[in-house]
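Okay, handing you the structure first.
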Amino acid sequence: MSAAALELRGLKKSFGKAEIIRGIDLSIGKSERHAIIGPNGAGKSTLFNLITARFMPTAGTVKLHGQDLRGLQPYQINRMGLSRSFQITNIFPAMSVFENVRCALLWSQGYKYSFWNLVNNSRRLTEGADAILDQINLLERRNLPAGTLSYAEQRALEIGITIAGGADVIMLDEPTAGMSHSETDYITDLIMKVTEGKTLIMVEHDMGVVFGLADQISVLVYGEIIATGKPEDVRGDPKVQEAYLGAALEAEH
Amino acid sequence: MIEVTDMHAYYGKSHILQGVTLNVQEGEIVALLGRNGVGRSTTCKAIMGEVEPKGSVKFRGTEIAGRKAYEIANMGIGYVPENRDIFPGLTTRQNLNLGLKPGQKDGAGRWSMQMMFDMFENLDRRADVEASVLSGGEQQMLTMCRTLMGDPDFVMIDEPTEGLSPQMVQKVAEVLKEIAARGISTLLVEQKLSIAMDIAHRVYVMGHGQVVFEGTPAELKEREDVRKEWLEV
Amino acid sequence: MSDQLTTDPSKPAQRMRAGSMTLTLMPWIVAAIALILMPFIFTSNSALTIMNQMWITVIFALAYNMLLGQGGMLSFGHAVYAGVGGFACMHIMNMSDLFASFPLPVLPIFGGLFGMGLAMIVGAFSTRNAGTVFAMISLGVGELIAACSVIIVAFFGGEEGISGDRTYAMPFFGNEFLQQIDVYYLTSFWVILAAALMYLWSRTPVGRMANAVRDNPERAEFLGYSARWVRFYSFVASGFFAGIAGGLFAINYEILTEENLNTASSGVILLVTFLGGVGFFFGPIIGAIVFTLVQTVLSLQTELWAFYAGSLFVATVMFFPGGLAGLLMMHVPVFKLGNAKQLIQPYFKTLLPAAIGILGVCALVEMTFHYRHASIGDDEMTLFWTTFDSHTLLPWVIAGLVAFVGISIAKRNAPDLKEAWDSANTAGDAS
Amino acid sequence: MELILVNIIDGLVTGLLLFMLSAGLTLIFSMMGVLNFAHASFYMLGAYFAYQISIALGFWMGLLIAPIIVGVLGAGVERYGLRRVHQYGHVPELIFTFGLALLIEELVQFIWGKNQMPYNVPDVLNFTAFSIAGNSIPAFKIFMIFISIAIFIGLLYILTRTRVGMIIQAALSYPRTVEALGHNVPLIFMGVFGVGTALAGVAGVIAGPVLGTFPGMAFVLGSIVFVTIVIGGLGSLWGALVASLLIGWITTFAKSYNLAMSDVLNAIGIATPENLSEHWLRDLWTVTSPQIADILPYILMVLILIFRPAGLFGKRHS
Amino acid sequence: ENIKIAFIDPLSGPFASTGTNGLHQFEFAADHMVNEQGGVLGGTEFEIVAFDNKISPKESLIQLQVAIDQGIRYIAQGNSSGVANALTEAIDKHNRRNPDSRVLFLNYAAVDPALTNDKCNFWHFRFDANADIKMDALTDVMAADEALKKVYIIGQDYSFGKAVAAAAVSNLSTKRSDVEIVGNELHPIGKVKDFTPYSRKIIASGADAVITGNWGADMVGLGKSLIESGYNGPIYTYYAAGSGITAALGESAKGRIRLIAQGDINPIGSDEARAAYNAFEAKHPDGNIDQSRIFNVIGMLAQAIEGAGTADDVVAVAKQLEGMEYDSMWGGKLFMRPQDHQIIQNMNVGVHTDENIEFDYDNSGFGVLTESTVEMASMDSPTTCEMKRP
C-alpha cells in the first residue's frame, strides 16, 4: 500500500455528552476518489470539519501525506495542499464572483501576505481565475457581487473556490445539492476532470453522482463506518441497504 | 386558494419575474419546476411579500400583493425558504416554537411539536442543542417543521429534499402527502423531478421569469419538447 | 457576538465595489495639479491652514478606512495611533541635534513608524477577533492611552500637551518652513504619496485578502490565509498611515495634546470616513474635506454648526448609506449610458427649490435660536448678508414662505426626478 | 472601617445607576444589535423633561411622565429613523445614533440653554437617612436603590416569561424569515427600543438631581455604559447587574483611597528608584488610584475580552 | 473700520456655558464702555468677533489663523490655561514669522502662573491675577482662622489645578506651619461624574477646610457633593460663582463658600459700576457679571489705543499697556506690571450668601459678599520672566 493521502486513526468527537464521531479508522490512498455516504446527521460534515481543523478531535489522529495535523490551523492545513468546500454555502458575498476565485488563487500562487505585488498586474492570476470561472460556467457573471447569484450558482462558485488553488487533496461536501439534473451532470464531469490524478473526498446524497465518481465508498452511520469498499460491493451490502440506501436506490435508477 | 396573475418582480433593476400566472386549488400539491435561476424562489418570495410583487396575488379571493409579510403569514400562508435560515443562538425547540403564530398555543392547530419530533427522530435527538450546529439535513427538516408549526393553510416549500439522504427523501415525500391529506395546499419547488412527478397533482414549468407550461405530471411526461427546452432532461 | 460589528459587506453601505477602481494615473495627476493650484485660488493663510487640516484628515480617514471599509474592523480608538505618532514627532522636534540632522519633510515617517509600532503591540492581541470584541478592545485601549496622556506627563505633557518648533529642522533646499504656504506644499506632497500608497495597498494580495476576511474570515482560512494575520497586517499598515497623519499634524500645529488621542477624535474620524463613504477608496477623502469645511468654516458662521453637522450625518446615513461617494457613484451608470443630460433639468427643478427650502428652514432655526437666546434689546440679527429685526413678523413670514414654497416645489417635482432617474438608468432610450 | 461601609453604599448607588442605563442598553444592543450611542442622550432627556415637569407638577409626576415621553420619543426614533437605517447594517446604525446624540445635545442646548438646571431632590426625600462617622447618606440614594431593584425584577420577568427575546434574537439573523412566520418584527423592534430608552429616561430622572442636569451630562457618561454591558456579557441582564456593581465599587474604592503605585510596587518588592524625578518611568511610580479610577473599568474590559471574549456572563463564543 | 477683538473660547460642548457668559460680558463691555461713549480714536468702535474653539487647542490655533486673516489684531481668550499655553506660543511664533500681521493676546482668565513667568512673551497680557497671587490673598484669610488645623487641597489635573495646589502648599507652610495638609490631590478635568468618593475621603480625613480651584461643572459637583455628604467646614474657592454654580449651591452653601476674586460687586465698587451692572441685567436677565475683569480689558485696551494713537501698530499699543495704571469702575487701581505683563490689583475674598446682596447670581438671591480685601496684592512678587521686546 502506497502512503495514504489521508489517514484517520481512532478519530472521535463529542459535543458535550453527545458522541458524534465514535472512532473512525480510514485511509484514503493517493489519487483515489472516495465518497462518504450516510444518513443525515451521521457525522459526515463533522468528519470533514475534524480533518480540516474546523473542530478539534476529542481523540485520534489525522494524517495528511503522513504528517500529523494535530494542532494545526485550517490555513496551515490548506497550505499543505488540502482544500474543501462547505455544505452550507460559504463564499465572500460582497466581493465579485471573479474576486472570489482570485482570492482562492493567491496563496497557491505564492503571493502570501505580500504588499509589494499588485494583483491586477499578474496575468497568471487573472487568467487563472477566468479559467476557473469558465469551467464553472460563471464567466458571464464575473463582475456581479457573489451574494446576488442564485442558489445553484453560488453552489457552483463554492466548488470553483475550492478547486481553484489546485490542491492535491480536495474535499467536497454535497457539491451538487440544489442543482438541477443537467447541472449535476455537468458538475460531476467537471469534478471528474479537475480531480484527475488528485485525491477526492466527497460527501453526497445523490447516488448518481456517488456511483458515477467514486472509486471507493465509505458508509458512515451514527459516527461509525459500517462499510468501505468498491461501489459495487457497497451497493450490494445488505447492511448498507438497510441503514441508508433503502428503496431509494431503486427509485433513482 | 391562491391565484397569481401577471406577477412581476425586480431585484434592483433586473426584471426577474416577467408576468407569472399560476394558481393552487384547495388541497392540491402543485410543483413549480424549472432550471436553476429562472426565478422559482423569487416567485415564492414575491407571494410571501419578501420581494415586492407587481401584479395581483389573491389568497382566498383577497388581494394580498403589497401587504406585509407577517400579515400574509397570519392569513394562513407558510413559506419554507431554500437556504434554511436557521436561527442561530436558539435551540431546535426554540426554533420550532418561533413557528407558532403570535398567541397560538402548541398543539392548537393541525400540528404539534411532539408530532414533529415523532416524524423526524433526528430533531428529537437534537431538540435542545443550538440549532445552527445541526447537520445540513437536520436543518432542512427543521425549517419545514418550523413553518408547519404555524398551521398554515397554504405552504410554499422551496427544495425540501435538498441535502437529504435517499431515505429521508422518501420520508419527506410522505410528509408532503400527509400535508395534503390534512387539507393543506402546497406549492412545491423541487429539483428532483422524480419526486415532483410522483406526488404533485399539477405542475408548472418556469422559464425566463414566466410560466411556460402548465399541466398534470402525466402531460408533462408526454411533452418531450418542454422537458428538453425548459428542463434540460 | 463576535460578528456583530464588522461592516456587513452585503449591505449597500459597505460594499467595496469590485472593479470600480482601475489603475489609471489620470485621477492622481489631476489631484496633484489641483493641490498645486489651490493656494493660487485660496490665498489667505487661514485657507491654507484649513486645507492643511483637510489633507491631514484625508490621510487619517483613508488610514481609518483601511480598517473599516476594507477590513471590516470598527475601531473606536484609532486616534491614538495618529496621536502617538504625532507626539513622537513632537519629541523629535525637541531633540535639537537629531532634528537638525534631517529635513522636515522626512519627519512624518517617524510618526508613521511610531504609529505602526503601537499598532503592532495592540494588534498582537486585538486582531484575534473582529466584530464587537475588536471594537470594544479598541475602545478600551483608546481610553487607556488617552487617559495616560494626563498621567504619563513625561511623554504626553499632561493637559497642556507638548509643543515644539518645526523651523529647527535642517533647511530643505534652503526652506525653513516659516510660512503656512511651505507647510501646505509639504502636506500636499504627503497626502498624494500616502493616498497613492494606500491605494496600491488595497490592490496587493494582503489588501485583497483584507476584503475577503471582512466578508468571511472562516472561508479565508480555508484558502490558506490566517484571518488574524491578515487583520494584523491591515491594522499595522493603518497604524502606520495614521502615524503619518499625526506627524503632519505635529508639523502643522507644532503642538499635540490629549485631544489628539481622546475618544472624541476617534469618533470624529469614524464619522468623517462614513460620511464620505466606506465603500469607495476616495470616499474618506470627500468626507474629510466636507467635514473639515463644516467644522471650521460653518462654525464661523453659526453657533448651531454642530446641530447642522448632526443633521448632516443623520440625513446621510438615512438617505445615502453609501456616503457622499456612494451618492456620486450612483451617477456613473448614467454617464456610461450617456444619459447624464436627461438629468440636468429634473435636478435643477427639484434640487434647487429643495436647497432653497432647506435654507429657509435653517433661517427659521437660526431666528428661533436668536429669538430665544439673544440678549434683550439685541433684536438685530444678520443672516445671509441681510440684517433684520428678529422680533418683527416680516422676516418670519419670509423665511417661512421660502421654506414652504421651496420644499413644496421640490416635493411636487420629485416624482419627475425619479422618473427621469429611472429612464436615465435604462439603456437604449437616449434619443 | 466606617469609610468602607460608606463606600460600599456609595458604590452600590453608583453601580445601580449604571445598571439602569445598561439594562436598557443591553436590551437594545443585545436584542437589536444596535450600538446605541444616543442611549445616554435619552438619559439626559429624561432628566430635562423631569425637571420641566417637576416645575409644574412636582417631582413624582416627573418620575412618572418623563420616562414615558422619552420612551415614546425612542419608539419614534426607531420607527422613523433606525428602521430605515437598519437594512444597511450595524455600522450605519451606529453612525445614526452618533448623529442623533449630537442632535439631542444641540437640541437640549437650544431649548434649555447651556447652564446647569436647578433640578433638585424633592423635599420629601431631601434629608439625611443616616450618618456613618460624620458621612451622611442622603435618603434619595436609598430611594435610588429601591427603584433600580424594582426595574431589575420587572425586566427579568419580561425577558424570561415572554417570547419577545427569542423573536428578536431570531430576527437579528433572518428578519425576513421571522416575518414570514407571522411575527410583526418592526413593531417588536420599536417596542424594545421604546422600552430601552424609557429605562434610560428613568435613570435620567433619578440621576439628574444628584449628578447635575446639564448639556454635557450625556457625554460625561460616554462609553462607560458600553463597557458595562460588554464586561457583563451581551444580552445577560444578570451580567449587566454584576458588571455595574463591580464597576461601581471598583471606581468608588479606587477614588476613596489614595493608593499609590509606588506603594504597590514596593509591597511586591520592587524598590523605588533613586532620584525618581529623573527616572523615565517616574510618572508610573507616582500614579495614584484616584487618578486611574475611571480607566480601571476599561482595563478590566480589555482583559476580559482578551481572555473571555463573551464577557462574564455571556452565553456563547467560540 | 471697527477695531475687532477675536474672542476665542468654547461656545459649544461641555464648557460652553462659561464661554458664552464671558462672550456676553465682552460684547456688553465693548458697547457700554466704548461704542456708546463715542468710540476710540475719534469714533472707531470696538467689535467682538466670536470664535468657537470647543476648548480644543487645535481648534484655537485654526481660529487664531482665521482671525488674523480677517485682519483682527487682538485676541481675547481665558478658558483653560491649556488653551492659553498653546495660544501664547503660537502667537509668539506667528509674530516672529510674520512681522506684518502681529497680534496681541489679551488673556482675561487663564491664570497659570507660567504664562507670566517661564512662558511669558511680549504679546501676552494677563488681566486676571494669577493663581499664586490669588492663593496668597486667600491664605491670608485662612491664616487668620485660629481654629484651622487641617486642610484638604483638591483640584483639576492640569496646569492651573497644579499651580493652585503648589501655591496653597507653599503659602500655608510659610503662613501657618502648624496647619496640617491632610490631602492634596488632582482629579481629571471635566470627567468626574460623581464627587461623592472624594467627599467621603475629605470628610474621613477630618479636614476643617477645603481649598479648590475647580471651575465649571467640576465646581458644582464638588461643592454639592461635599455639602450633601455632611461636610460642614468652609470651602475656599477661585470660581464658585455664576454660570449656574451659585444657583446650584443655593442655601446649603450659605456662609460656607469663600471666593477669591477681583472687583467689588457686593457692595458695588462705584455708581458707574452699578449703572453698568443694571444695564447688563436689563440686557441679559439670566446673565451675571461674574468676570468683571472683562470690563477692565476693554477699558485698558481703549486707553492704550488712544495713547498709541493707532490700533494697527500692536507694538505701540503693547508699549502703552506695559506699565499702564488704570482706575477700574469696580473699585481700586490696576497696574500692568511691565516685567511680566501681569496685572496687579486689589484682591477680594467674598462669601456666598443671600444677605446684603445687591447683585445676585443666577437670579438665585445668592451672591458673593466681599469680606476682606488685599490691596494691590503681590505687587512685588518675583517673576522669572525674561521679556524679549521687539
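Letters A, B, C, D and E mark the chains in the order given here, with residues in each chain numbered from 1 onward.
We take it that a residue touches a chain if its C-beta (ideal position, glycine included) is under 8 Å from a C-beta of that chain, and two chains touch if they have at least 3 such contacts.
Values in this document were obtained by computation on a predicted structure and should not be read as measured data.
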Which chains lie in contact with each of subunit C and subunit D?
-> E
Once you count every C-beta pair in contact for both, which comes out on top, B-D or D-E?
-> D-E
Most remote chain, CA-based centroid, reference being subunit D = A
Relative to subunit B, the most remote chain by C-alpha centroid is chain E
Where subunit C and subunit E are represented by their mean Cα positions, the distance between them in whole Å | 37
Separation of subunit B from subunit C, taking each centre as the mean of its C-alpha atoms, in whole Å = 48
In angstrom, rounded to a whole number, how far apart do the mean CA points of subunit B and subunit E lie?
-> 76
Residues of subunit E touching 2+ other chains?
-> 12, 157, 188
Mind pulling the subunit B residues that touch 2 or more other chains?
-> none
By the touch definition above, subunit C meets two or more other chains at residues 14, 147, 306
By the touch definition up top, name every chain pair that qualifies.
-> A-B, A-C, B-D, C-D, C-E, D-E
Using the touch definition up top, name the residues of subunit C that touch subunit E in the complex.
-> 44-47, 49-50, 53, 147, 150, 158-161, 163, 165, 167, 178-180, 249, 253-255, 257, 259-260, 296, 299-300, 303, 305-306, 375-378
State the interface residues of subunit B toward subunit D in the complex, per the touch definition above.
-> 48, 50, 68-70, 72-74, 78-79, 81, 85, 87-90, 94-95, 97-99, 101-102, 130, 146-147, 150
Contacts from subunit A onto subunit C in the complex sit at residues 52, 54, 73-75, 78-79, 83-84, 86, 90-96, 98-99, 102-104, 106-108, 111-120, 143, 145, 147, 161, 165
In the complex of these two chains, what residues of subunit C are touching subunit A?
-> 9-10, 14-16, 18-19, 23, 200-201, 203-209, 211-212, 214-216, 218-227, 229-230, 233, 237
In the complex with subunit A, residue positions of subunit B that touch it = 11, 35-37, 41, 82-84, 122, 125-126, 129, 133-141, 159, 162-170, 191, 193-194, 231-233
